[in-house]
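The structures considered in this document are given below.
Next, two complexes with chain A in common: one pairs it with chain B, the other with chain C.
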Partner chain A sequence: MNHMIPNWVEERFLALQNDSSSLASGPRGAERKQAIETVRRQGFPDRRQEAWRFFDLQELQRQTFTAAPAVTVDDAVRRTVQRETLDDRWPTAVLLNGRFSPELSRLQHMPAGLMLDRFSENPPATLGKLVPHSASTFAALNSALYREGVAVTVKAGEAIEEPIQILHLIDTRFGQVVIHPRVWMNFEHHSQASVVEIVASIEGEYSTFTNPLSEIFVDREAVVDHIRLLRHDDRAFHVSAQYSHQAANSHLTSLSLVLGGGWVRNDVHALSEQEGATTVLDGLYIAGGRQSIDHHTFMDHAGANSNSRQLYKGILDERAHAVFNGKIFVRRPAQKTDAVQNNKNLLLSDDASVDSQPMLEIFADDVRCTHGGTVGRLDLAGIHYLRSRGIGLETAKKLMIHSFAGDVLRRVRRQDIRDSLDERVMQKLESLPSIGRGGSL
Partner chain B sequence: MPDNDLIVQEMSKEYKYGFHVDLETDAAPKGLSEEVICLISAKKQEPEFMLQWRLEAYRHWLTLKEPSWANVRFEPIDYQDIVYYSAPKSHAGGPKDLNEVDPAILEMYNKLGIPLEEQEILAGVAVDAVLDSVSVATTFRKKLEEMGVIFCSFSEAVRNHPDLVKHYLGSVVPPGDNFFAALNSAVFSDGSFVYVPKGVQCPMELSTYFRINAANTGQFERTLIIAEEGASVSYLEGCTAPMRDENQLHAAVVELVALDDAKIKYSTVQNWYPGDKDGKGGIYNFVTKRGLAKGRNAKISWTQVETGSAITWKYPSCVLMGDNSVGEFYSVALTNNHQQADTGTKMIHIGKNTRSTIVSKGISAGHGQNSYRGQVKVLKSAQGARNFSQCDSMLIGDLCGAHTFPYIDVKNSSAQLEHEATTSKIGEDQIFYLNQRGLSTEDAISMIVNGFCKQVLAELPMEFAVEAQKLLSVSLEGSVG
Partner chain C sequence: MLEIKNLHASIGGNEILRGIDLEVRPGEVHAIMGPNGSGKSTLAHILAGRPEYEVTQGSVLYKGLDLLEMAPEERAREGVFLAFQYPVEIPGVNTTYFLRTALNQVREHRGEAPVSAGEFLKIMREKMRMVDMDESFLKRSINEGFSGGEKKRNEILQMAVLEPGLMVLDETDSGLDIDALKIVADGVNKLRAPDRSFVVITHYQRLLNYIVPDVVHVLYQGRIVQSGGKELALELEERGYEEIRERVGINRPAMQV
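Here is the complex of A and B:
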């Protein structure tokens, strides 16, 4: 096995170790040291490892990234913020190149029970608790190098009416930079909230690397809707990991919506630890060009009487490549688990390709687990039906594809979020050559 | 069925008779080296090309590492502690008569309805008396010969049909394909060879039962089946009764080649010794099986019922090269006690309009661990490829595990693939219903399991299907509290 790590990473580590200022010491110091150890020990993964078989890390390995510098808020930044936020009236935290921007964030008039804040040297006590030691090198890289994180806490019994927005922007104008967004969310018992995380690029010409790590704690009876929206440009590298933990009778919905990014890898780990929890892991990825989108989900059932639902759908055009690797893992005590997993892919071009692995690992006997996977192209009979009703070919295709995506979007509970997401999905669909400019069937 | 039973019974005697003829007693020393391979090749009076082929495979094997990705656990195998060549097993060490055989095994034979004479053979009893069954087998052989079908042991084929062997051996599973295939290529002892010429429909189900000296081919079996244009053949492997067998490691290779419009159906019932209740002993069954649908409209169909072996590790595959070719895989895998099975299939779509169907039923009971691992690969050239996969698992008891690892790789947008899988236990309401109708819980479970597997069992040749049903019930015994 190759334990190589790119030079730019090693240089950053050395710089950190030689730096006696607060970044190297403080409460984070020990943890950072450990994380650096882990990265050095494991090295960057390569294709010989099962989990990275289908993802082209070579391309990422070849690049050199520097730590993203501070950016002054100019028109381009403001335009991007305006374009990317779903609603500017909601409580919003904006991070610019990994730094919290008070100027762009909207933290006044915070609803009672909600705390939305930054952290850097004094992280929340439970930060990193959900990230196992066996986690990938990239998670450790984030722990070692994140600059500022966002902490969201919803107090017990509080229902937050307005969705919470977290916007991570990476500036692609001034060089090949890297950011390590870190998010920590804690939903106390009987609380309710919706969170929308958006990751996007400020238009420029350089390729960038975004390496986020998120943790979501959902205490008993809490109800959480979480959405991660990726809107990078096609030169961007994005490798993320998300860990969630659910206590008894809690409810978590987490949607991964990927509309941008050249090389995207999202790992979603959901641990349903106590009885009666419900987990919904959804995904929608729409890609064209040479985009490569890889999702790995791990649904870990440890408590009895829990439910999980997964629906990942993909629409792929041109030379796009998607990977879905989903695992439902049912531990022995998790009797009466009801788990469903589905991955459906629509190929719009002959050059697009999919690798799908929906997997089950089950150690409890009284369970109901099903999974399914499909890959195919547009249903010609459906198109024919629409055309026979007087609808043009292009519109018919658009209708069919839009409704294919709609299956996932419909599962978003809030109408306002759903509408804004739908708008962006439509925009992305229009940009695909097979749809936008009337490609052939 | 009695007729068939009779035939089977008679045939088995024939095999035993043949066995005695070329009985030898010498064996190679333990361990594997080029000398041992030369010895094997010399013993078998093989032509030079075979020896070279074996040596090449061996040299390649040395560079390979034992794979570790399968979802099974076992003690490491010491490859230098195995005898790679021993002359056909002598019955000397076997029991003298059925009274010496483990009563538990006898009980199982009775449950399966195996005739007494056959029981003796299966249990390895040294019976010398041979009844007048020779003629039956010769009749069959004659009939096959008349039609031009070659059906013989692999060693015979190497000696009598070297051109065919040279042309096809390793063309589907190359000697360096994987660790166990390379090992097999270097040291394989014997196996079956079938050649069906152009346009011939093989008039009967070919089975190892029907051939002299075939059942005890040892641990490294090599089978090669070739169906020429328009030919068709159905081949049965294994048997439902537990065989007496001292070999711990079995690494067989099966190659099928189907040319234009040819059909090959390969059915397996595997019930080797699974180890005792605590998981001690038992056979390691690491098999590479692959069929090449080389011509247009060729069809390859695998059906397997896997109930034996401590560890099963096999993935009968189809390479669908010819346009419109069809691949099928029907499987029932049952793991009880401490058995582990990691089995499934690979369907590789290369030709246009190729179709494949996968139906896999896994049943886990006791401490059994059952994994389905399958790959459906659609290459860019496979315009209009179609696949349907269904993998269902059933769990009986809360100490077992069922796992599904499908891989779906698609590089062509006109392909249509569907994969479905479910895992569940036997419904309490179903058992209650059957109890209420007067069936015992054990019978109820056996009935439900047979219903669960019906889709696969229906693919088996008739006589196999009946036995397989009984086998499932027997294998599940004791799994219900």
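Here is the complex of A and C:
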């Protein structure tokens, strides 16, 4: 069967192959060409494939995107950077339309033990090593077309006090553009760090496509807190894949916080390969309008005595739709695995909907794995109780909904990060018609 | 303070209250007693504005205001407080934050300045002593994992913080052992004041040994069938509701004959 890829992708591929000065001719040329072949062979997925059943690929296929041009740093860009950055004192890499911006990044006075760099044709040796050949077409598309990536390395035994920020901005002012952010993170043994990745739009009127691919290497005894915050506008398409690998006794927390984007699909693959690793995969998605937010997690236990905890929560208003597809996979050697997965959803309107699909696949015989999923409405008895103490309807609803989201935010260890995220969560909640002024029960 | 006239109410099409008349003056404590299903809790919920109940006839005035026209939060801000029979657990909402939000919304309505977190803590500490609660309570989610006694003490604590004009206690004694009952009653008694009234709803006379009422009403099949002084409660305790039925001339339902 001949799989379809959109014309704009094929045209881009042809342009690359015919242009001797282009990406395809650099040192990474061979890998890029291979990735192009993968995209051509596999084609874009379609909804008949189980993993893409709920995602509106047709809408994506209908669009035409061009390679994002370089962006001039103007007031709008500066305002966006200022608005989206959690803290302007932290080490920060800013990428505009897939290009590293030395002007907006903050890389001076880097703490000892931290390396935060851009790369293009001279990537780290292990780039792509966590991305399996069976990865989706979109991951291959990223490998074929990414322009500049960000590499984070924390040296063995170093604890980096300040969180590391990576800000990817896509400019929606001048056309339907696509970017392929690439992030590679390597936490050497016994290191500790927090990383916040933020993906957002520079306000404009065009629909855009962001297609990130990230790899996170966590060596033995390292402790890593990772947050991925999405703040696109609701015309944006976003399809991401994240691959993490953990060595013995390491600890990785990875939170996906989705507060924006029209069509969002996040795949989170976590391989816990060696003994005694702990993995926390959390998620919080808040959506209204016709937003569609999909998360697919794949928790892969290969080492013995490891733990994983997943808590994904969603708050959906209007006609928003969400998917949580969570798989826990326990390989034969992974005895004494302790894996818990939970997905809880709060629907604020009759038209909002969610598809929650937990899956367990277990080949070891001595494990403890539990999963659960709930979809509920606001607790009216609780709201009445709050009102009976003088709290207005709007505040009562906000309190209840905010506390629902709080379960996830409370798991963020650093208070400064937690507070900044909470502020953005509140802002998103206020924008939902069922919560903001004029909402009713 | 409270003036109820010919109040009829139903839930899901079933008429529960069939013409209640009740007047409570400032400073008075009224007890409402009656068997299960007589409409006691319905009356309490209607005063607090619970949306499931439909008032089909009659009026309720509180300090001259038409209570039935007001949203639950407006009633609370004006000073109507219901201590719930079954306080609701709200996981994730911190008790201190909740109560400070409530107090500040009430104060805003009264035209008073909001209290700061520090000031509020002082108020809380003082009021918590009154109902014998320790500080760990401040950090817990509303009623989450509370024992029956803790939930009831929490209701009285909220009442003490919000300082309402009319306090309705809905079977606050149910599920309490004698020590907890004394603490709760003691808390209520400390709140008694010339400008504050109480409606104490209870199945048993026991609570009224500690919260001594000025008037006792007997509610039966949605109507107040008898009113009297505090000795009426003792009579009821002695003779049971059976005797009341006969005395007021209401036939027992056919099924129970």
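Just so it is clear, the second predicted complex is superposed on the first by the 437 of 441 C-alpha atoms of A that agree within 3 Å, B and C clash if a C-alpha of one lies under 4 Å from a C-alpha of the other, contacts with A are read in each partner's own complex, and residues count from 1 in each chain.
The rule we apply is simple: a contact is a pair of C-beta atoms (placed from the backbone, for glycine too) under 8 Å apart; a residue touches a chain by one contact, two chains touch by 3 or more.
Bear in mind that the values here come from a model prediction, so they are computed numbers and not experimental data.
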| item | value |
| --- | --- |
| Which of chain B and chain C A:H371 touches, first, second, both or neither | first |
| Contacts of A:F363 with chain B and chain C, given as first, second, both or neither | first |
| Which superposed partner A:L348 touches (first chain B, second chain C, both, neither) | first |
| Which superposed partner A:G382 touches (first chain B, second chain C, both, neither) | second |
| Contacts of A:M400 with chain B and chain C, given as first, second, both or neither | second |
| Chain B versus chain C, judged by how many residues of chain A each one touches | B |
| First (chain B), second (chain C), both or neither touched by A:G390 | second |
| Overlap of the chain B and chain C footprints on chain A, listed as residue numbers | none |
| Chain A - residues contacting chain B, complex | 50, 332, 335, 345, 347-350, 352-377 |
| Footprint of chain C on chain A - complex, ascending | 379-382, 384-393, 395-396, 399-400, 403-404, 406-407 |
| Chain C residues within the chain A interface of the complex | 48-51, 71-73, 75-77, 81-82, 84, 87-88, 90-93, 98-99, 101-103, 105-106, 109, 141-142, 158, 162 |
| Of all residues in chain B, those that touch chain A in their complex | 69, 378, 380, 393, 395-425 |
